[in-house]
Amino acid sequence: MKRIALFPGSFDPFTKGHEDIVLRGLRLFDEVVIAMGHNSRKSRYFDVNEMVQKIEYTFENVDSVSVKLYDELTAELAKKYSANYLLRGLRNTTDFEYENSISQVNRHLNDQLETVFLITSPEYASISSSIIREVHKYGGDVSDFIPYEL
Amino acid sequence: MKRIALFPGSFDPFTKGHEDIVLRGLRLFDEVVIAMGHNSRKSRYFDVNEMVQKIEYTFENVDSVSVKLYDELTAELAKKYSANYLLRGLRNTTDFEYENSISQVNRHLNDQLETVFLITSPEYASISSSIIREVHKYGGDVSDFIPYEL
Amino acid sequence: MKRIALFPGSFDPFTKGHEDIVLRGLRLFDEVVIAMGHNSRKSRYFDVNEMVQKIEYTFENVDSVSVKLYDELTAELAKKYSANYLLRGLRNTTDFEYENSISQVNRHLNDQLETVFLITSPEYASISSSIIREVHKYGGDVSDFIPYEL
Amino acid sequence: MKRIALFPGSFDPFTKGHEDIVLRGLRLFDEVVIAMGHNSRKSRYFDVNEMVQKIEYTFENVDSVSVKLYDELTAELAKKYSANYLLRGLRNTTDFEYENSISQVNRHLNDQLETVFLITSPEYASISSSIIREVHKYGGDVSDFIPYEL
Amino acid sequence: MKRIALFPGSFDPFTKGHEDIVLRGLRLFDEVVIAMGHNSRKSRYFDVNEMVQKIEYTFENVDSVSVKLYDELTAELAKKYSANYLLRGLRNTTDFEYENSISQVNRHLNDQLETVFLITSPEYASISSSIIREVHKYGGDVSDFIPYEL
Amino acid sequence: MKRIALFPGSFDPFTKGHEDIVLRGLRLFDEVVIAMGHNSRKSRYFDVNEMVQKIEYTFENVDSVSVKLYDELTAELAKKYSANYLLRGLRNTTDFEYENSISQVNRHLNDQLETVFLITSPEYASISSSIIREVHKYGGDVSDFIPYEL
């Protein structure tokens, strides 16, 4: 049976930290589905469809990675894709406390769902989507923080 | 003199984790007043009056627990109810850092006010009101996270 | 029924931070038993009997505080003294993680035992027994950190 | 060469904790520029120009402190003022994780920029701008938390 | 190619928390090698050979789990067993900070080695080997904390 | 007046992380005195005199850095060297909580003494002296973690 993992997030934008986790996740899983949560009522900084394209372009030579938009419970989405794993990166203790809660609830909602954590590589651990938005808003150069061109 | 504690929060919604703290708090205090902060300018997910009813129903057989809406400083509310204690649950280090600040400020505003902490039981430590709202919004089953029916 | 709390620790030495927790604990409990863990095989820096005397002297005018040496499980000791509460201070997140574990295990060993936490007052939060030992060893003045004279 | 540090923040409002860091920073730096981030699209609780005046008044006898409004990247602002240092206070671990990320990104954007941290004095560590706003909104007395009169 | 993971530790003693991680790890890996670090100069509380037997007994019906003693670098041991993964459990933020450091160093020593983290199930998160030793030393009942009989 | 900082530690061994803090500290201070705590009763892994030589060799071309052995309170040593600053690196939240306590106590013992923190560069944040000792003990290659040859 194929080991399929969801890598859920809002990816506003997708960062080199995210890319790091996906690529390292491929050593564990046969397929990684990048699941981009999108709710039409929530505003984003980067256009959702453009971001899907950027991510697809990033992994265009990696068959085992796909990108999907979703607007439902992650635990439900996992069933649709026969994904028994959620893949998540941990950068620091704030992440840990948040992910700890989410993972227990996801397991409660779908007891087949195991959340697997990798610690973000040190060179990417300081990058967050919110910092990139802030830098980009003021015209700063964010090209070192993302794995594609804007 | 009766030992009266306020248990303040926005309770949007009230969770089994909150219930756990109230019930264990009753071993320390003669009365626990569940003080539900409500400000008409702040929007809630669950209706405030309905939530009061749900909480009252939860504790309908527990005389020493009452529910009050308030829209003022917690430190002031405590004086009104002759409450010398605030009761708070701690789930993790993020909670700790937040509660640490709040409790020092409350003590400064009302030097009779002691904040007393219990650590949330492990089975409820992953439950937060915000996660429940997220699950409920997407139609997920939250009945295991709350001590009443919605 | 009297509310009796144990305040367990090795108190090598007892600090102003410990005193802060005991005095504030008296607002919650009718009696606080300072339970000084002592194991003849473990070496201490400050003599155990001398420390008992210093603590007794510190609280000589406070009838509701007593000091006991013990060499057994805290959860068992609590039964002997009809203590249904453990009183503990939290200084920071490192304390929190440690105390979280200990309190769950104590509750497992004695399901009548509730651990109640107060956050150490800011002016005492940096004081630890180990720092005091280090300062004292090098002849530094520790009188501001302890509530008695050495 | 003069050692010039920026002390960036939104200061809504400026607190005694901020004042503590600025004054202690003067032992390290020849000049401290309090850089108040202001974006006309973001709403504030305290008026931005009034707050500038309050801060200027606070340091009116301290020549080496100045106050500037800015609406650009902090790393860019630093270049304008020939500031090679950012001065930041740390109150707790939540601050630490946040500041850790920001400081790495700032250093990436401007490799001449070193972020220097002081730990907030214990008596001010519980004060945050957001708590002050909350207390003030409800008519509570915040005069002990700020170094000027409102 | 088989996915083989080492689960390294001193296991003094092996706990239900460890068992939880091994069993959940089997959903990710084809084989899990429980690698028990043992150094004749370091004293243990539980006999090393007896503990190996207890762990083997715990997993006697699970072919994909084996137990090995080792006294070398974990990163080297992994090469011997063609293990490309280290499996580790995270209970709290203190664990996270420690494991973060170790995992980066292991990856540096063996760049084929990926450390994969699962968060310990809440019911086991408070159990540590050191607490079990403390309880056992004083004759307390530890049977609920370990998956075998002592 | 010269700005002189002590950089205290046991340096068993001195790491690239330590070197990072010293070199970045030189942008703040006119002189950095690496103060190596040494107590003949405490055993070390690396010989104390050899380590002093390694550190001196590391900074042989940097006149503003010196190395001193000491066996007294850091707060007292600072007075001897007219050092008004302690320089410390922060790697993570565990470091933060520890350093927070130490810095308050040092300031209490010597109110002229300000502890200044830099956050360790990400590439060195996982390196600790204790991990290096562990790797070295088992014959692993530690040359990437230290700025000199062993």
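Letters A, B, C, D, E and F name the chains as they come in the text, with residue numbers starting at 1 for each one.
We take it that a contact is a pair of C-beta atoms (placed from the backbone, for glycine too) under 8 Å apart; a residue touches a chain by one contact, two chains touch by 3 or more.
This structure is a prediction, so every number in the text was calculated from the model and none was measured.
The chains in contact with chain A as well as with chain B are D, E.
The pairing of chain A with chain F is characterised as same-residue: of all residue numbers used at this interface, over half are used by both copies.
The greatest centre-to-centre gap from chain D, using C-alpha centroids, is found for E.
Between B-E and D-F, more C-beta contact pairs join the chains of D-F.
Chain B and chain F have Cα centroids lying 46 Å from one another. With centres set at the average Cα position, the gap from chain C to chain F is 33 Å. Shared interface positions of chain E, i.e. residues touching 2 or more other chains, are given as 92-94, 97, 100, 103-104, 122, 125-126.
Chains touching one another form the pairs A-B, A-D, A-E, A-F, B-C, B-D, B-E, C-D, C-E, C-F, D-F, E-F. By the touch rule above, chain C contacts chain B in their complex via residues 3, 24, 27-28, 84-85, 90, 93, 96-97, 99-100, 103-104, 114-119, 122. The touching residues of chain C, when paired with chain D in their complex, are 92-93, 122-123, 125-126. The residues of chain C lying in touch with chain E in their complex are 72-73, 75-76, 93-94, 97-98, 100-105, 108-109.
Residues 91-94, 125-128, 131, 135, 138-141, 144-145 of chain A are the ones touching chain D in the complex.
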